[in-house]
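Data block below; observations after.
By written order: A, B, C and D. Residues from 1 in each chain.
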Amino acid sequence: MSAPFGRRRLTIGGARRVGAYVVLAAPDPGGPAPEPGQFYMLAAAERWGGGEDERPFLPRAFSVLRATGTDPPTLEFMLEDVGPGTRRLGELVPGDGLWVTGPLGQGFTAPGEGRRALLCGGGVGTAPLAIWQDALLASGREAPALLGFRDGEHAEGAGLLRDARVATDDGSTGHHGPVTDLLVAELDAGTPAIVYACGPPGMLEAVRALCEARAVPAQLALESGMACGFGACFGCVVPTRDGSYVRLCVDGPVLDAELLAGVPAH
Amino acid sequence: MPSFCGLELEHPIVNGSGTYDVIAARRAFGEALIESFPFSAFVSKTITLEPRAGNPPPRLFETPAGLINSIGLPNKGLQGYLERDLPELAALPVPLITNVMGSTAAEIAALLEAVDDRDEIAAVELNVSCPNVRTGLDIGADPRELAAVLDAVRRRTSKPLIVKLTPNTADVALVAEAAEASGADAVSLINTLRAFAPAVGPDAVAGEAWLGGGTGGLSGPAIRAVALAQVSAVARRVTIPVVGMGGVQSGAHAAQMLGAGATLVAVGTESFRDPAAGARIRDELRDFSAKSGSFAR
Amino acid sequence: MPSFCGLELEHPIVNGSGTYDVIAARRAFGEALIESFPFSAFVSKTITLEPRAGNPPPRLFETPAGLINSIGLPNKGLQGYLERDLPELAALPVPLITNVMGSTAAEIAALLEAVDDRDEIAAVELNVSCPNVRTGLDIGADPRELAAVLDAVRRRTSKPLIVKLTPNTADVALVAEAAEASGADAVSLINTLRAFAPAVGPDAVAGEAWLGGGTGGLSGPAIRAVALAQVSAVARRVTIPVVGMGGVQSGAHAAQMLGAGATLVAVGTESFRDPAAGARIRDELRDFSAKSGSFAR
Amino acid sequence: MSAPFGRRRLTIGGARRVGAYVVLAAPDPGGPAPEPGQFYMLAAAERWGGGEDERPFLPRAFSVLRATGTDPPTLEFMLEDVGPGTRRLGELVPGDGLWVTGPLGQGFTAPGEGRRALLCGGGVGTAPLAIWQDALLASGREAPALLGFRDGEHAEGAGLLRDARVATDDGSTGHHGPVTDLLVAELDAGTPAIVYACGPPGMLEAVRALCEARAVPAQLALESGMACGFGACFGCVVPTRDGSYVRLCVDGPVLDAELLAGVPAH
């Protein structure tokens, strides 16, 4: 279903800390239910600007973490402070205004016959996997999740999914090492899988290479710098295997791993 | 109801070339986009003779109240545009202006001729922010070079010809006068200001470029005051209509552009912040004008 | 310890001409200003042969992340400067660079000669953002005009000559090359971008100017990306040192200017937000350079 | 005494509403006591920008309303929301950071022998008169104040001075009409006066003309658009009687009325 035309102003209903992350919740009376893997362009309604280097100016892209309830559905987003835009959004409190445009882009598609879903993510890449896990479980499928984090504080984000297995870079919780260690073990055991992954470029590239080597299909939710989120600026392109570019905001953010020769570093 | 090059338009707000892909936007927003179409005419992104992939990413850099882009004019090429995009663009509820660019007079002539054949196209906008193969300067940076090119190509189309000027020149009004003298029916400005985005982040090496394309162009509110200066300088010196753009975010800004002498106002970067910005600006301008009794000129 | 035109400076941060009146600042801040003097050299505001009152107010307009000024170069004139300001400026703990402007070669020659006599002055900066009486274009907008002027005046002073370029030109690197060929010892850029501030407020009439002087010049972070583009274009094409400026607010920005090829970095508008901004930027740059091992070039 | 060199970061200690105005209070450990009529350049330490038209960018000038206590003294400012800068400052709450530079400029000077002080102000022009009244009273002088406001809500600002007589444009409190009506009555009665005035340009010009006609000395605290506040930008000039300009930030904001042929409209 298409997104309402134009940005709309929501009111923050909740803002909670989950480990190193902030989860914002905003009832969305005007919007349709998002598909798992879709994203929204967000901006604070007040004082969007005047931060580090006088930014932010453009809206920022966020995968929807979950859309709960109906009449109206409440959108949830998970964010980490990495710069002026995420900092400002992370300061929002209930009652503050939030501009949203969306849902946008192409999300995940269900596993083909006989394939079991494996969810693999890292950091804020947890977000789209949460709503996707919900959908898979709701359709009666299994959806085990493997999540990698920097440290124990970040790993609290794993609580946003059901029964996620965790790896941390510093070994403070779960497996000590990259989440792909867990993925390799899973891939090399059991029935044919399809991998749904979202995370930092290095992790995604590792997932892509692992899956390619094993001829396992994978759907990767990528990130790239976006100005508009709806195909207008041609700024968010990623290079594809055939030497051309796709706009991540309209042809992604979820791309078939096959499309890519590699996951670009930014 | 502004009249512009023989087109009777519903209101003065159009889009800046390359800042709105209605085909993609329709996929995102569905028919609501068409039903409340924000612009009174639609300007295509720049089309070149041959297809272009555009620049390697990153293509965007955010600046204080602005955006640097180094998109590199990706497009399907003339044939791709005519075959694949034109049918969809022709179905829009407003007149279509096709923006073209070439690096030689011969290329431009070919583009103008091809466009001339198509009834779906109401007018053509010629982007002259393209380096001249001989001087290295943009064709539009030098009044004499531009006049020479226009004199060579103007008769290839009978459609209204809008020349999209470059702001990266010493005296844009001189260039606009040359365009008028050589048969332009309108001029549009400003295009983006030449800008450099430095590499940022922990691994940034001093002097390195952030953008895959090296340098880029600055747009958005940061450049509005420069745009107003150029638009008013040009409008005072030409008699043909002027399309003013650069950092317009509100009806008040649109009124300022009209006040500076523009007949139409184009919205670019602001549409990235709000896909329906054009419609909001149109409405704000209407209210503004209702209060002050005219479209401010 | 950058070496610049024979001057050994403590650090690379200087002020932009016309953006710091140390005499007034000393009245406000007392000796603390002198004790922690923010700049490694002090650049005077532009001096003309005759005194100028400057433009009628309003002279300032705030833009998104920027400032438009239309000050109009008020100054006491050459004699007033030499008699009344020079003694105070000569007492500063850093070398003095005197910025001068004239609208003809003869005026400029007179200024350079007068400055040449004074040992208190370490170097002279020539502001060429002054309309040429004959062409109407700024002298610094056209490489040929600038070369003609410099050729006529260069020998009038044996002091290092910095040419402060105008950014309002098609290809600033061409102009910088002309300056170098005609004897400039350094170039500095960017000066403000030509800009228009529209009348605002309830009684504003569309098309009217806010500024008493009509048009103005845009400075501040809004123009930093344009400054970086021009500085790097110039630094690649000349061998003389470059003073880079435009929107520098932090040590990171100063490092970007150095990375773009500047030898010194000037701070202008940011000093308005914090009188000690220059000192902060110097310190941030020092920390930054300590980490990355050099002043980033 | 000179101002500390550079801006310094204070922490808001209090923010209260006084009618239509906000009064901000911030302890100033580093600063000297201001003289009545001096001003400070203020900016919010966080998110200065991103308001209407992506502003504010430059700091804003505010007369000091009062400096109370010592060790450290607390600076008070009175402000009215007229644009993005005053709006942002008016949103500050205790604990928020405030950049200040100052005290700056030339303040009021004491009445000459045999002259009684008359304070006359309007709107936020109340601010410098409050600290000046304090000083006059402390030196054993009388300091009657006449204050004009738009309406009753604004007139609550009069409570910031002692025993002020009020005029309102809408007649909701005090005299119905311009405050200069009150001033005329005062000027035309009693001993020779000196007028200290601060307010909107129209009011100041009326005061100036009244005083000139009666050969009464007056000190006018003017406003003009300022970028720097310390003489650096030459932006804040006002035209003087002799056809030249003075910088209001260094030669003012308090000017002898004699210096002016008229008070400029902005």
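Everything that follows uses one rule, which is that a residue touches a chain if its C-beta (ideal position, glycine included) is under 8 Å from a C-beta of that chain, and two chains touch if they have at least 3 such contacts.
Nothing here was measured: the structure is a model prediction, and the numbers come from that model.
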Via touching chains, chain A connects to chain C in a minimum step count of 1
Of A-B and B-D, the pair with more C-beta contacts is A-B
When centres are defined as mean Cα positions, the distance from chain B to chain C in whole Å is 33
Cα centre of chain A to Cα centre of chain B, whole Å, reads 34
Taking each chain's centre as the mean of its CA atoms, chain A sits from chain D at a distance in Å of 53
Per the C-alpha centroid definition, the whole-Å distance linking chain B and chain D comes out as 47
Where chain C touches two or more other chains simultaneously, the residues are 61, 63-66, 220-221
Each of the following residues of chain D touches two or more other chains, namely 49, 53-54, 56-57
Among line, ring, star, complete and other, the chain touch graph is complete
Listed in rising order, the residues of chain C that touch chain A in the complex are 64-65, 221, 249-250
Note: in the complex, chain D contacts chain C through residues 2-7, 43, 49, 53-59, 99, 101, 104, 224-228, 230-239, 243-245, 247, 250, 264, 266
Within their complex, chain B touches chain A through residues 18-21, 23-25, 27-30, 32-33, 36, 45, 53-54, 56-67, 69, 71, 74, 220-221, 269, 271-277, 279-280
Residue set of chain A touching chain C in the complex reads 49, 53-54
Residue set of chain B touching chain C in the complex reads 61, 63-66, 68, 136-138, 141-142, 168-171, 193-198, 205-208, 215, 218, 220-226, 228-230, 232, 247, 255-256, 258-261, 292, 296-297
